[in-house]
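What follows is a pair of complexes built around chain A, which joins chain B in one and chain C in the other.
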Partner chain A sequence: MSGLTRYIARRVAFALLLVIIVSSAALVLARLAPGDFAASSVGLEARPETIEQTRARLGLNKSIGAQYRDWLASAIRLDFGRSLQYDRPVTELIPERAANTAILSVTALLLATVVGVPLGTIAGSRGRGILPDAIRAVSLVLLSMPPLLTSLFLVFVAARTGWFPIAGMRSAAPVDGGATLDLLHHLVVPSLAIGLPLAAMLERLQAQAVSETIGQPFIVAAIARGVPRSRVLWRDAFKASLRSVAAVYGLVIGTLLSGSFAVEIITAWPGLGSLMLDALRARDVFLVAGCAGTGAVFLGIGTLASDLALAALDPRAREA
Partner chain B sequence: MKLGVAIVVIAAFAAIAAPVLAPYAPDRKFGGLLNAPPTVPHLRDDDGGWHRPFIYRWRLVDQLEQLYVEDRSARFQLVWFTQGHFVLSSNEGAAPLLLAGTDSFGRDVFSRLLFGARTSLGIAIVAALGALLLGASVGGIAGYSGGGVDETLMRVTDFVMVLPAMYVALALRSVLPLVLSPSTVFALLTIIFAILGAPFVARGVRAIVRTERRLDYAAAAEALGASGPRLLFVHLLPAARGFLAVEMTMLIPAFVVAEATLSYIGLGFSDPIASWGTMLRDAASVRVFADFPWLLSPAIAMFMVVLGLNLALQRAPEAMRYGRPNRGVESIR
Partner chain C sequence: MTLDVEPWLAESWSADADGRRFTIKLRQGVTFSDGHPFTADDVVFTFRAAYDERTASALHDSMLVAGKPLDVAAVDPHTLTLTFPSAFAPGVRILDNLPIFPKHKLEPMLQAGTLAKAWGLSTPPAEIVGLGPFVLKEYAPGQRIVLDRNPRYWRKAADGGALPYLDRLTLEVIRDQNAELLRLTSGQIDFTYTEVPPESYASVKRAAADGIVRLFDLGVSMDPDSFWFNLKPGAFDGDPRAAWLQKDELRRAISMAVDRRRFSDTVFFGAGEPVYLPVTPANKKWYPSDLAPIAHDPAGAKALLASIGLTDRNGDGTLEDAHGQPVRFTLITQAGRPRLERGAAVVKDELAKIGIAMDVATLDPAAVIDAFFVKKKYEAVYFHAAFSDTDPATTPDFWFSSGGQHFWNMSQPKPATDWEKQIDELMARQIATPDERERKRLFAEVLRVFSAHQPVIYFAAPRVYVAVASRVTNVTPAVYVTPVLWDPDTIAIRH
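What follows is the complex of A and B.
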């Protein structure tokens, strides 16, 4: 096996392990939590026997160990149990919500990359003028505004001006322009709320990486040979400094999911975060495990993509 | 940098001096003044006459819409340093001093903001200290021992680091009943935050300890017969001081925000307790954005504290950020 194949195999194994551990842990934790779905669903007045029957019907009377074993056995066949509160298979409920979270996260990530990386290159280029200073100041402010605050702020602005919808994902009756345009319109507030702080973070990272790269001999040599400065910056230094941004992408996925959690709640975006919160509140154990597992799948894909990007950009990473 | 330190010092002072600076107790309700706007201190009355600082009282004009107008017929002087408070209105019953308006229960937002700072900053500081302690121990042991121990500990920290912090906090929090006493919530959130923050600390400390161990002074101490723990805790860990200080200023804002998020969704502190998160929870309605914007003041307070800490960090020597390619990652979580 070549180094690269082995490297990929190891990363895939890590991602798989992540999914299994996270969803198992979520199932066990949700099960350990006091109060269960059976007791809360049949009402306060119910007789103990009724609660016991409901519990048996839902499979909640088994011990944690037995329940976990059953769940794991069916999970291998891609059956993740039924949601207790919706009485539908978890595999039916999650894809739609997961897709919504993915739409939001990918838009935010694209936005952050497209805005953050070029601005970081400018800010880190040691150029003079007010532009680098302005970029630095703005990104410091945005870095101090986590998604919780940006979303509150943007919702405030949107509510005052009426430019953008402040909640939900689609209008009840999309006006002319069609569904896609309507979706994009609804995406503005939540994706900016996640994307702006992220853009600031990528900007800072890229700025630091570029300013470190510029000090290296190969850049000095290129400039000495008479290559125009802007070309050195945007072709040579830019490429060499992308490494550090690529390295954090894996971590950024976790940040994205966390960030989208607060934003989904505030802007009523029907994503994975709000589904998981509902499920946790209702003690819907299988749905909780499903949500956590799906989150871990995103995470696994994200770290894998980041590792591959890193390996493509920097041959040394493959050896590590 | 100086600006940042100044903001942080002001916030800390406001939290410590809350009982004196705040005009009212955090749970005092003004029944007739629900969602009242801030009373702005004036110096000039309508006739152009100058006075010592005074306020007008709010008169409710529309019960349903909760619209208030200033009753300009009477002035109420502000009185300083009375009854153990910094500043109060001269007639508490008729015209309370509401510097940031009231919330939907008629409680003074400004007072709650100050008392909330105690909860929010307190939990963040305690949790950050916990994360430093845990992280430094794990990182120190990993870096000192090397080999299999190092490998295992670092795999675990890598794993915790990559998890989405908010989901983990949520899952761990939900293991306990939804309604808990404030002190239990405080302890629980502190532990959760400390565990989630520790890996970032552990990584850096491990790198520092590994480097320092190879230096002459460590070898000398070992040759003189210093035991393993002594070498680690007395000689090697102090080298990570600067790093730990920087780490602390990065973890505090992250935890302030984490508390706010959890309280906002109802899994942190619950209502009678004033924290910036519970206050924002009260502000979670469309009418707030349109009509009662002063209820969003905890968001501004939070922003100022985070900005202050970020500014204070600006000039921290590069060396103190050892082993952190990803600085800033957790500050936006």
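What follows is the complex of A and C.
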């Protein structure tokens, strides 16, 4: 087995272990939290007998240990139980929500990359001046604003101007231009809310990397040989400094795909984050475990991708 | 909205002399949404389903009178008899909360004992049939419910035209109430499911002034938020505070210590009314007109507390009990309902002024319900528990000491206190008496006893504001759980 294959195998095994630990912990913690789904779903008019019958029907009368054992036994066969509040298999609910989160995350990431990396290159290549200073200032403001505030601000702007939908993923009634245009229209506010702070982060990373690269002998030599400065910057320095952005990319993807609670709630985006929050509030134990497990899968894939990229670039990382 | 019972699927009814047996005539020519005729058999089947233990239906409990089921029999396809186990003054009002099940669809499941799972959230919408104005078209879990017009709906408009007017009704699930109102005030949705929360009055009023929405002021709400202590005997065994935590004087002192006007102004931003009882002035029929308000009297409250040995013994501004322990307790309330959190903060502040330290624990709804409803382990709770009907006889579980909604001490085998015994007796007569004036007199008496002992303390109720988009017409908002959708038949959209 080659070093790289061994490395990948080790990382995949670790990611699997992470998924099992995270979803098990989520299930047990959701069960341990005070209150259960039965009592809050039947209403306060119900008699204690009715609550007990509901609890028995949903399997909530079992001990935590027995419930966990049953769940684990089915989970091995890829059956992650039924959502209590939606009365559907967890495996049926999660893919749609995960896909919605993926649409939002990928859009936000594209936006962040397209805006953040070139601006970072500009800011990093020039010491001081109006443009780099302005870029730096805007980035610092965006970085210090949590996505919650960004989304509230954007929702406010959208409400005031009426340019974009404030919430949801699709219009209630069919709209002119078709479903794709409607989706893109709905994506503006949530993807900006996630994408702008992310763009600021990528800009800062790229700016720092570029400013370090630009002082390196091979760049200085290229400029001394008379290669135009802009070509050196956008071809050589740009490429050489991308490594730091690439290193965080995997982690960012993983975190984004696990669902952004704040933005999904504020903008009513039907993604994984809002599904998990609902599940937690309703004590929908299997759905909580499923969402947490899916988040861990995404995080595992993200970190694996990022580690692989680094390992391909730098053989020393494989030994780490 | 009059809150009186109107003929609907039951066209007319009559009671026999002792008021226990009703003969009901059903409307003819009504069909379910799949075209199957609606008959008396469906009503009998619905009662059977509600009473079947294996169904574990929440309807089961609301369809009992004095803990016993009703006897329902079909006389012919459009006539049925309903016999109450004991005299029940509200009579056919009990049917108000009962959705009628289609026997032709659900009988096999009832016989197999699987009715509880028959129509779940994963059932294909086309299989679900009903008698209402809309049928289920699509359900996206946690996202939206799409309802289409039921072309077979029986009700007709005054001009003989078909109802409902709307072809489609889409209910979007929006978790955040601010996001919901922003969508309303920017014209992206037509109405909200519940009333406008107090913190959003100002922005919705602006939208109304700009002509984006129409705002309805429906007057004071039916449901004030409730504050109560755990009065279950023995709940505080081994706790030195047991000597005073369950005393009448403590609750009466709290009721006197809180300035209800200030409470209302702070919690409901000025748009509220002081309230002293579980019924508010919105319940015109049952609100006692001669009610004496509980005056804001901090000095009187302190004197009451001193009478049970709670005084400031060390001069630190906080009261101490006979053992020198500070008078301190924990109130649990629900997270995510700003008016409950604000209300708890005002009460905490008012109690601090008379030397009582109250800690507030804000929990998830599931955890609050678990504490007071399931485990019954708590000191005090502040919660929104709404009544499903305005006639007190339809909420016996709240009034009777044996009731499951007698929250402060639920399901008592026999009344724990003399005043609860007195309320039990008065309510038993109130429910059985057919004479309306006597029923009112008896209920006023119940409220007098209730007010004297304050098992639940009420401070204020909000005014109810409902907003709909300007293009929505023919809407009749009401002080009800679903202020707009309670009557969806006639709602129309102006194009």
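The rule we apply is simple: the second predicted complex is superposed on the first by the 298 of 320 C-alpha atoms of A that agree within 3 Å, B and C clash if a C-alpha of one lies under 4 Å from a C-alpha of the other, contacts with A are read in each partner's own complex, and residues count from 1 in each chain.
Basically, contacts are C-beta pairs under 8 Å (C-beta built on N, C-alpha and C of every residue); 3 or more make two chains touch, one makes a residue touch a chain.
As the structure is a computational prediction, the values presented were derived from the model and not from experiment.
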Partners on chain A (chain B, chain C) - clash or fit: clash
Contacts of A:Thr303 with chain B and chain C, given as first, second, both or neither: first
Partner chain in contact with A:Leu143 - chain B first, chain C second, else both or neither: first
Chain B versus chain C as contact partner of A:Asp87, first or second or both or neither: second
First, second, both or neither for A:Gln53, with chain B first and chain C second: second
First (chain B), second (chain C), both or neither touched by A:Tyr68: neither
Partner contacting more residues of chain A (chain B vs chain C): B
Which of chain B and chain C A:Leu275 touches, first, second, both or neither: second
First (chain B), second (chain C), both or neither touched by A:Leu198: first
First, second, both or neither for A:Ile266, with chain B first and chain C second: both
Touching partner for A:Ala159 - first (chain B), second (chain C), both, neither: both
Footprint overlap on chain A, comparing chain B with chain C: 33-35, 155, 159, 166, 265-266, 277, 281
Chain A residues within the chain B interface of the complex: 18, 21-22, 25-26, 29-30, 32-35, 140-141, 143-149, 152-153, 155-156, 159-160, 166, 197-198, 200-201, 204-205, 244, 247-248, 250-259, 261-262, 265-266, 273, 276-277, 280-281, 288, 292, 295, 299, 303
Chain A contact footprint on chain C (complex, rising order): 53, 56-58, 60-62, 116-117, 120-122, 140-144, 168, 170, 172-176, 179-180, 182-183, 185-189, 363-371, 373-375, 385, 388, 397, 404-405, 411
Contacting residues of chain B [partner chain A, same complex]: 159, 161-167, 170-172, 174-178, 253, 257, 260-261, 264-265, 280, 283-284, 286, 289-290, 293, 296, 299, 302-303, 306-307, 310-311, 314, 325-333
Residues of chain A touching chain C in the complex: 33-37, 39-40, 42-48, 50-51, 53-54, 57, 83, 86-88, 93, 155, 158-159, 162, 165-169, 172-173, 265-268, 270, 274-275, 277-278, 281-283
